[in-house]
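Chain nomenclature is as follows: A, B, C and D, assigned in order of appearance, with residue numbering initiated at 1 for each chain independently.
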Amino acid sequence: MGNLYHNKTAQWLVYAAFFAGLAVIPMTVDDSFLLNQLATYGVYGMLALSISLCWGFGGILNLGQGIAFGLGAYGMAMTMQMQTQDESNPIPPFMLNNSLDHLPMLWQPFQNTYIGMILAVAAPTLFCAVFGGIMFRARVSGPFFAIMTLAMLSAFYTIIIDRQPYTGGVNGLTPPSSLQFAGFEVDPYSPTAYWVVFSFLLGATVLAKLITQSSFGLVTQAIRDDSERVRFLGYSVAGYETVIYTVSGLIAAVAGCCWVMLVQYVSPAQLDVGFSLSMVIWAAIGGRYSLLGSIIGAFIIQGAQSYLGDAFLATWLLILGGFFIVVVRFLPNGLASLVESGLGLFATKRGPASAEPNGDAKPIPAE
Amino acid sequence: MPGLLEIHNLSKSFDTTKVINDFSMEVTEGTLCCLVGPNGAGKTTTMDLITGRIKPTSGKIVFANEDITAKHEHIIARSGIGRKFQVPAVLRDMTVRQNLEVAYSRQTNPFWNLFKFRVAGLKQKLDEIATLAGLTGRLNDRAGILSHGETQWLEIGMVLMQEPRLLLMDEPIAGMTEGEIEKTVRIFRDLRKTATLVVVEHDMGFVREIADEVVVMHMGSLLAQGTIQQIEGNARVREVYLGEQEAA
Amino acid sequence: MDLGSLLNALILGVSIASIWLIAALGLTIIYGTAGVINMAHGEFIMLGAYSSYMLQFYLGVPYLLCLPASFVIVALVGLALERGLIRYLYNRPLDTLLATYGVSLVLMQGVRLIFGSDPKYLAVPEIFQSNVMLGSASISTFRIVVLGVTALLVFALWLLFYKTRFGVQVRAVMQNKEMAASFGINSGRIYMMTFALGAGLAGVAGALFGVLAIVLPTMGASYVVQAFLMVVVGGGSLAGSVVASGVTGEMQSVFAFFTNDTFARFIIFVLIVVFLRFRPQGLFAQAGARR
Amino acid sequence: MQFTRRNLLKTTAAASAALAAPHLWLPTASEAWGATLKKGEPIKVGLLFSLTGSLAVPEEDSTLVMQYAIEEINKAGGVAGVPIEPVIVDAKSDFAVYSEKAKELILREKVIALFGCYTSASRKAILPTVMQRDHLLYYPTCYEGAECTQNTICTGPLANQHSQDLIPFMVQQFGKRVFFVGSNYVWPKESNKNAKVWLQKAGGELLGEEYIPLGSSEFGPVLNKIREAKPDFIFSTVVGASDIAFHKQFKQEGFKADKMPIASLTTGEIETRAMGAEFGAGHFLSAPYFQTLDNPTNNKFVESFLKSKYGKNGTTHYNMEETYTSAYVFKAGFEKAAAAVGFENVTPRAIRDHSGGVRVEDNVSPEGLIWIDENNFNCWLKPKIGQCQADGTFKIVKAADNHVAPDPYSIYPDAGVCTKDGLKSPDGKIRKSVI
């Protein structure tokens, strides 16, 4: 018997247990703040998951995941903003302040909630497909792709700030009331909002997990390993990279929509380089090769930020920075690799030597 | 009957250096053709040109009556050309099993593969190839920890998993023991029944064992083509090889 | 608009270019030689500014002496960082990005704990607080100083990399580490030296930026992305960074002249993406710079 | 409008019904707050400022002065006889964290009021939460206006108050030709719109208007444009680190404060200290408060604040003073509400509803008497103009004779008038919560 960590059945069981645990929370907890906060962590978990899928499994480091997240969030915020406008008052207040006397074309589709929400997800996904398609066909990869996403992110960030009449500029968009959907009002502090995010996180995780276990996932991992070689096996590397980058963008876009549903706010800060970097950090800390590990990484970092950040006020960033350094230095595959080597001790095939940190003993990061 | 692979007047220059110069050859279906020549003759470059890794400056490559000149690597691979590299190229972070699974590339469309979890016929083929390559006991090991010989076998196994019509083997026996070489000879002879092979090799003994036809390259051009006996009797080939030896 | 104002914009562009360049110099050396993606580069710049502030405020060192002193101090910090952390990560270039991001947090907050979060300033001699008229165009004396220092450093680096034994060794290591080792070149030592050198260059940049703008624990964050883009567009070589910064600086100045500053930045980012799409290896790629 | 109507009709009936009454679910004020005060237990208020990151520079001072004010109030017997307990959090200069911390303070800590934010962006980030929980935010700094909610009280100057005196003063002193420079976001743009109104009235001429990205320190292109336009003075709404870079490069490029001064809405005592006084000297600032204001209340405030453990940064400035007075606005509003509805029944909303007209008298407010407008809950105050001196302090060169009324919609008369029930449009409709 090999390491339980790489056993697919065991993995599915752990995932099931994790989500069962999350599902119990709203039934036992009556704290609207905690529910809202955990739902927000769920959104961050989706982001970390999307990074893990793209970077851990696809080998594509994306420092611009904020593009998909931010565009999704803006789309959702526009939809919610338009829900609060009515016939007598068709234009969001910030536009009046910017001397717009009619609703711009860009905003018109968002008058319809359903079209708006579809656009909020479809537009960033399409962007990823086109941008990814162009870049991967040109065989841009590795650090170079990372830099391109960084530049693209900065471009979006600046243009949103500059086009204040259409985007609200630095202040962003603040839809004054919560999302109405099919006659229901989704109170961001209610268990409903929690369940919505929970379902999307569950859905995204199952999707990602299935992808990694499909033939597609196998080829993707092969591309991560040696993209050159895989071409000669007949696979279109650019095609695979584009698909995984786009799926990852889709998850991030959905996360953006959920985020706005929870906080009723979006600003260019969501497209800031720092935020996209923290998504990568979550995945790296949790373990980029593990989908669940990445989600937990986001939970840990954000939870610690919320609960320890104020306790250690002045030294918090020192602790956080130091933690990153230690994890990257000694646990290159994140906290998940602790579990892996822990389970490795029980595996019959391998002795304690497998705890050796250089990762030589690990066959593949299949999880 | 036209050859399975035809190369017409192929040329390739890097900057001002002509690496391949008006080179033409033809490989008949169901035969094993050895490509030989001194270092720098352009053998590997020719392989690169056939498989689309580099684009020719001029000339034409036809495979199974289809022009594949300057097409993308994966398109050429899909049309039925498998390649083993000179420096064995396997997926070092994946297990031997996964290497072979990836190589079983019946379905290459990314969207279809999203929904594929069990590939029909894979298990049987994998067992067969693993046995052939002698890797049955190492299926769950990481490819990166294999010995050089095992890595060679794995890559040959990967090419076989592709079930190509044309196999390009760049120095397949480098680093193999006597016994392994004999095994390779057996396998190649077997393969010839169902596929066509082009083998780049230095070891003339090995070439003598397997070649139906030999193509000699020199300075990027065709020097001679024929059976092994014809080649060994060819004065120009001798001159080139002897000249080489003198220079060395 | 007339020709005079366009000329003005072009002259200013040279100055902006020198600012982009000096911010990117240290990163060029570090990324170009060792492939390390140093996210703490901005914080090295910040440390340079604070070193100058410290020397000036507590020891009364004259400003011009602060420049070399900042170089030495930040180079030592870089040296310590390289020995303590970076050298374990050379074979994992993307991980250096994460680890150095952690370093940047630590440095930023450490400086805040020591010096407080209120801004500091660097005093410069009166002579640097004026401008020079070149016909109808005008440029501040201090911008000329920045330009001069940048030019001097580029020249010195060129000498170092192309005219000394050290430079030959560096380039040998960049081409092929194993091969260089067989010639008795200690690549670990080369990496250590270049990292310290790169950090020191950031220190000089910081001492200059502290005068142009503000000395704050967070001041470095705004430089690291733009510096990194310059290095990658340049291809990781010295000449590449010079050309990339030059073109970008001029573009920023001219676009800002025709439109506004924010939109100018947008155009530059988009052009960088388009450029890298067609030339992902950058302007002047160096062997070994890519991993 | 045709397009709009058709689209709206197409929306499903259910959604339209929900649209028509978007606030039906809102609980009553006390339910929304979810807590009641008990006599004898301290009153909790939340201090929502950034203590780390780039916004920490002004906001750390706000936290300190707020703690000082609370200590002072508690020493004098507290609010309605009960001490105030500050709950301090760090928003980390991250707008998402502002939102999270606001929720934590409101939902978990159950504070009765929030004091916080320095930028419009962070205010916008927390307003949805504040409004939905019918809570109360004291926003203690200047802002652009064009907002009308039932949940904010602002103690800083609005855009219409800020430049009303400054522009005519500058035109009179230095000439008609002016160049506007600002950071690229809402507040500078709105402030400039107001300034244009005053400029027109004063007969001035606008030569150009430039906006710099927030945080940018490259002013070369802008200064080139200014050099060409040759204005008589510059009107600046550049904020933060950029502002310091602007003043430094202004001098380094050879501009002279006595020939072409900068009239700013932001460059106060912290900024001049940070850039070095020689870069600030000679320029002008409009603010309701300066450290050098010479009156007994301010003298006492400056002296005892700087001596206290909260005065470690060594300066008082307009933003701190506005924060300080907001504590007293809270005290007055709370006591008025407690007197009206009984201590136990005080809710955030009740405080707000009773805060209309509350005054902070001369003997408490360092800037002099201020009071809260009964309709829009912004502050009546006297803007003053100071000129920066060689030592970085400001000399008051002009003080408004009368209090200036806050008007959040001064430049948007078509939008309506902000009343205490919401924004009343010209057709008589009232809309709550316009942000």
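Following the convention adopted for this analysis, a residue touches a chain if its C-beta (ideal position, glycine included) is under 8 Å from a C-beta of that chain, and two chains touch if they have at least 3 such contacts.
Here the structure is a predicted model, which means the values were calculated and not measured.
S.K.: To get from subunit A to subunit C along touching chains, fewest steps?
M.R.: 1
S.K.: Compute the centre of every chain as the mean of its C-alpha atoms, then state which one is farthest from the centre of subunit C.
M.R.: B
S.K.: For this structure, I'd like the pair of chains sharing the most C-beta contacts.
M.R.: A-D
S.K.: Where the CA atoms of subunit A average out and where those of subunit B average out, how many Å apart are those spots?
M.R.: About 43 Å, centre to centre.
S.K.: Just curious, how far off is subunit D from subunit A if you go by their C-alpha centres, in Å?
M.R.: Using C-alpha averages as centres, the distance is 35 Å.
S.K.: Mind checking the centre-to-centre distance between subunit B and subunit D? Centres are C-alpha means, answer in whole Å.
M.R.: 74
S.K.: Spell out, as numbers or ranges, the residues of subunit A touching 2 or more other chains.
M.R.: Within subunit A, the residues that touch at least two other chains are 158, 161-162, 314, 316-317.
S.K.: Where in subunit C do residues touch two or more of the other chains?
M.R.: 109, 112, 221, 260, 262, 265
S.K.: Which subunit D residues reach two or more other chains?
M.R.: Residues 52, 184, 213 of subunit D touch two or more partner chains.
S.K.: Every pair of chains that touch: which are they?
M.R.: So, checking each combination of chains, I get A-B, A-C, A-D, C-D as the touching pairs.
S.K.: What part of subunit C is in contact with subunit A in the complex they form?
M.R.: For this pair, the touching residues of subunit C are 37, 39, 85, 88-89, 92-95, 97-99, 101-106, 108-110, 112-113, 221, 225, 228-229, 232, 260, 262-263, 265-266, 269-270, 272-273, 276-278, 280-281, 290-291.
S.K.: Under the stated contact criterion, what part of subunit C meets subunit D in this complex?
M.R.: Subunit C residues touching subunit D: 5, 8-9, 12, 15-16, 19, 109, 112, 116-121, 123, 128-131, 138-143, 209, 211-214, 216, 218-219, 221-222, 252-253, 256-257, 260-262, 264-265.
S.K.: Which bits of subunit A are touching subunit D when the two form their complex?
M.R.: 31-34, 36-37, 40, 83-84, 86-90, 93-94, 96-98, 103, 108, 111-113, 158, 161-162, 164, 168-172, 174-178, 180-185, 187-189, 263-265, 267, 269-270, 275, 305-306, 309-310, 313-314, 316-317
S.K.: Which of the residues in subunit A come into contact with subunit C in the complex?
M.R.: It is residues 61, 134-135, 138-140, 142-144, 146-148, 150-152, 154-155, 158-159, 161-162, 273-274, 277, 280-281, 284, 314-318, 320-325, 328-329, 332 of subunit A that touch subunit C.
S.K.: Quick one: in the complex, what on subunit A touches subunit B?
M.R.: It is residues 2, 210-211, 213-216, 218-219, 221-222, 224-226, 228-237, 239-240, 243, 360, 362-365 of subunit A that touch subunit B.
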